[in-house]
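Input: a single structure, listed below in structure tokens.
When the chains are written out, they are named A, B and C in that same order, and each has its own residue count from 1.
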Amino acid sequence: MKSIITKRNAPYFFLAPMIILFLAFMAYPIADSFRLSFFNFEGGTYTLVGLNNYAVMLKDPIFWKSLSNTVIYLIVQVPVMVILSLILGVLVEQDFLKFRACYRIGVFLPSITALVAYAMVFKLLLNTDYGIINYVLRAAGFRGVDWLNTVWGARFSIIMGITWRWTGYNTIIMIAGIKGIPTELYESADIDGASFWQKVMGITIPMVKPIMLFVSITSTIGTLQLFDESFILTQGGPDNATITIGHYLYNTGFAFFKFGYAAALSYALLIIIGVLSVIQFKMTKGGEN
Amino acid sequence: MDAMKGKNMGRKAVTYVFLTIAVFASLFPFYFMFVSATNTNAQILSVSPKLTFGTNLLTNLENLNKKLDIGRVFINSMIMTVSYTGLSILFHSMAGYALSKYEFKGKGLMFGFIMMTMMIPGQVMYVPLFTLMNRIGWANTYQAVVLPGLANAFGIFLMRQNMLSFPASLIEAARIDGYGEMGIFFRVVLPNMKPAVGALGIYMFMSMWNNFMWPLIILGTKSMYNFPVALSMLDGVVWRKDYGVIMLATSLATLPILLIFLIFQKQFVAGVMGGAVKE
Amino acid sequence: MKRQMKATALSLVMALSLTACSGGGAPVTKGGSEAKGEADKSLSGTVTVWSWDVALAHLQEEAEKFNEIYPDVEFNFEEMGVSQVYSKITTCLQSGIGLPDVVSLEGEQMAKFGEKFPDKFVDFTGDIKAEDFLDIKISECTAGGKVVAYPWDAGPCAMFYRTDIFEQAGVKAEDIVTWDDFIEAGKTIMEKTGTAMMPLATARKDTTYRMLLMEQEGFYFDENGNTNVNSPESIRAMEMIHKIYNAGITVNDNSWDDFIASLSGSKIACVPEAVWLAGSIKDAAPDQSGKWGVMELPRFDKDKESGGASNGGSVLAVPASAKSKEAAVEFVKFAMTDKEGNVEGFTKYGLYPSYIPALDSEVFKEGDEFFGGQKIYDLFNAVGQKIPKCNYTANFAEAIDLSKNAVSKVTLDGQDPKTVMDGLQEEMKAKFGK
């Protein structure tokens, strides 16, 4: 009795479901998205407009604003988070620490919450008149900040939100990196009488550099696709100060029905992320050498 | 020696203070969410917000159920998340197995292709997928949410990496024992992959439970909403927003995942690390 | 969204305050059609209706009346939120599957659906007596030159003000004719009572700007649908926003909750808003009864009477592929031209009608105790009739969004209104292609 599945054809059987899924829900939409980006949806039908959508996009202030918002997050939020997660990782991995698991879990917990859920909690915490954050500020003698309704207040709110949600997650990755450092390095440093700081600066940081880079780039890619926070917490405002490409794409396609333009925006996003991924690939390869 | 000790003490103190602050900052929003779920809207929106548990939980629950069938939302979320996780474990390990333990034509190409898709953001596909789903009548269905998400290279990659180190001799031995190819996979390989499967499962569970943008686009009716979409709808009401009700709904959305996290901590952490440190 | 909030609020208040005025007991229910004698068997089928809140409740009552004439028509009501209706109808219009027979939409959004999905809605152009409805609502229902929906409730705007605070500051409402007068009065009030003159959203919406624009008979688009936001009227409106904001007489209106809080906390002396706000005030601040009045919106020029402004209100449409199209069309006509029904919708649910014959009802001529016995609806009636027609176009929803940003630029960043509006003109032209 022989099965039709042999050693030769087995891999194709194993791969079949994924191939079908990829073709239907990845290859087809990507191709179709490219096609749609040359059309406009008007009067119930698609009309060919050539490169017009891309031309409009290059002149579209909101598109550029969404990119510059991402750059702001990138410059401010990513370094803060990477450094914070490195510090946490280093501190948690110290030998003397008691209840290590508790700290680790505590810090990691934010990253299991739904983005929508935490954005809603933050919205309340950041409320101008009734939020706890302003309550504390006022109690300490400061003036309350109009967090969600001013340009920098709103940006800072998003930055705070993302930092809260992802620092623990990245800390875990850092810890993995720190644990992977050969202990002999530290032992020989100890023999040389190196201080804690010298060991951190001289061994830990250089050794986890590739991880830091990985975290930075994945965080950047994540920021480009940010949607939930912008949608719930600030609605992209004020004056699009916090809108991201993902959010703008949603508005364009699914609130204004400009499917062609949304497709063009999505291709811009694809290209930007593609470039970043190549950079990441090149740099992490470099880090290993 | 004393100076050394003093310095160590100082470092210890700084460490504990810093970590305590970090943990407090991480946990406070959770505490606030749960507390607010038991308070009234007026208590939450007062100049000095109430930070202790109140007695309004049942009223909030009642009001929540008036606005939204929260049981139904739970069931929707469960159906989508469980089926997604199950199918992911099955399909992704199968694909990962093929890519790690077989030699066949086009393997390199296929692996390269899969790796490339990892960088493609889902948002690129939403417009055509939306049109496609409408055309085939899948709009507002579970499969419209579950299936496109499965076209996900991360799971395949994770399983492949973990299976690379599975001893080929065991597979050969199974072949000699007369196992078919399918039998080898399901009865020999997969049972030995429990840690990796656990990590993958948790990762997938979490990402589907928290999935928002695509369900928001494709799920049209109240009766199909998952938790994030339902939450956003509660929040989207302009008139008479009741934050007690909203925080209760948020708590209910968070509790299951919190519970699962506390049970499967190890796999969670493995899932996170699996994405990062493998190569 | 607007509809949803006002509707719930009004239901309660109106039920209490106005049924009392209408002479006791529920108004007699009579269908719009007087042909009540015999049951008409010509129509049948099941009509599925998507609607929300009190609008849904009102339609259910209309359906009962309708059934007295057409007993063979069955109804299936599905309650959905505003945003749910939008996301679902978008999906359904694309796929053509699962459309209802009757759907309520916000009037201002109708043109978008009508133009993006032409021929997907029943054309009422030949049927509807346009002169029976407020012009502005007919504008809302018009897409691509066709009337694709029936107008329902309207949102004529006026200035709500606190008579007690005015008195305390020694300001007289009748002295406020122009916006400049208004600003001066605002400064006096601010000085004497510490109360802000009005709420002004710096980021959330552009309603005040739009009111100022419509008052001057201007709009985002001209009659051909071309962008027209750097017209002299539009620049003037935005300059006035700039002026009001810089006078320091406003409180920020960040969310509906904030707004209600400042209203009930007596932190604002005036609110420029549509008729439905009356119910919201009564609901949010019952203790302020007798302390409110309503006047026309201030003008730009002392000697030139202004056009009216409108904000909010819904319409009723029938998808062209409706399964029970005939019955649905008949029902929509019946419900929207039911004079008594329209009055009842107002007394019970606060749906201020756009059907002119209904506005003749005694109900709208009574004084309102909450407003110190003032006959406020006379004023709203007069405003409603003079609101100029607007061309909403498919791009209205996006235009609101962009113009909201312009308001932020002028208020938060203090940019020059003319420069901002010129920039907005360029941006809209690029995006809308016209």
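The rule we apply is simple: a contact is a pair of C-beta atoms (placed from the backbone, for glycine too) under 8 Å apart; a residue touches a chain by one contact, two chains touch by 3 or more.
Just so it is clear, the structure is predicted and the values come from calculations on it, not from any experiment.
K.L.:
Testing understanding: with touching defined as stated, what is the shape of the graph linking the protein chains, line, ring, star, complete or other?
P.N.:
complete
K.L.:
What are the two chains with the top count of C-beta contact pairs?
P.N.:
More C-beta pairs are in contact between A-B than between any other chains.
K.L.:
Taking each chain's centre as the mean position of its Cα atoms, how many Å separate chain A from chain B?
P.N.:
Result: the chain centres lie 15 Å from each other.
K.L.:
When the centre of a chain is set as the mean of its C-alpha atoms, what distance in Å lies between chain A and chain C?
P.N.:
41
K.L.:
Would you mind pulling out the distance in Å between where the CA atoms of chain B average out and where those of chain C do?
P.N.:
Comparing mean C-alpha positions, chain C is 42 Å from chain B.
K.L.:
By the touch rule stated above, which residues of chain A touch at least two different other chains?
P.N.:
Residues 129, 254 of chain A touch two or more partner chains.
K.L.:
Quick check on chain B: which residues sit in contact with 2+ other chains?
P.N.:
As it turns out, chain B has residues touching two or more other chains at 45, 130-131, 217.
K.L.:
Which chain C residues sit where two or more other chains touch them?
P.N.:
Where chain C meets two or more other chains at a single residue, that happens at 87, 261.
K.L.:
Within the complex, which stretch of chain B touches chain A?
P.N.:
11-12, 15, 18-19, 22-23, 25-27, 29-30, 32-33, 36, 44-49, 51, 90-92, 94-95, 97-99, 102, 104, 107, 110, 113-114, 117, 119-132, 147-148, 150-151, 156, 175, 180-182, 185, 206, 209-210, 212-213, 217, 227-228, 231-232, 235, 243, 246-247, 250, 253-254, 257-258, 261, 265, 268-269, 272-273, 276-277
K.L.:
Hey, which residues of chain A end up touching chain B in the complex?
P.N.:
3, 5-8, 10-15, 17-18, 21-22, 24-26, 28-30, 32-33, 36, 87-88, 91-92, 94, 96-97, 102-103, 105-118, 120-125, 127, 129-132, 135, 164, 168-169, 172-173, 176-177, 180, 196, 211, 214-215, 221, 224-225, 227-228, 231-232, 245-246, 249-250, 253-254, 259, 262-263, 266-267, 269-270, 273-274, 277
K.L.:
If you look only at chain A, which of its residues touch chain C in the complex?
P.N.:
Residues in contact with chain C: 40-44, 52, 56, 59-61, 128-129, 146, 148-151, 237-240, 251, 254-258, 261.
K.L.:
Per the contact definition, I'd like the list of chain B residues that touch chain C in the complex.
P.N.:
45, 130-131, 134-135, 137, 139-140, 216-218, 220-222, 233, 236-241
K.L.:
Please give the residue numbers of chain C that touch chain B in the complex, ascending.
P.N.:
1-2, 4-6, 8-9, 80-81, 83-84, 87-88, 91-92, 94-95, 97-98, 255-257, 261
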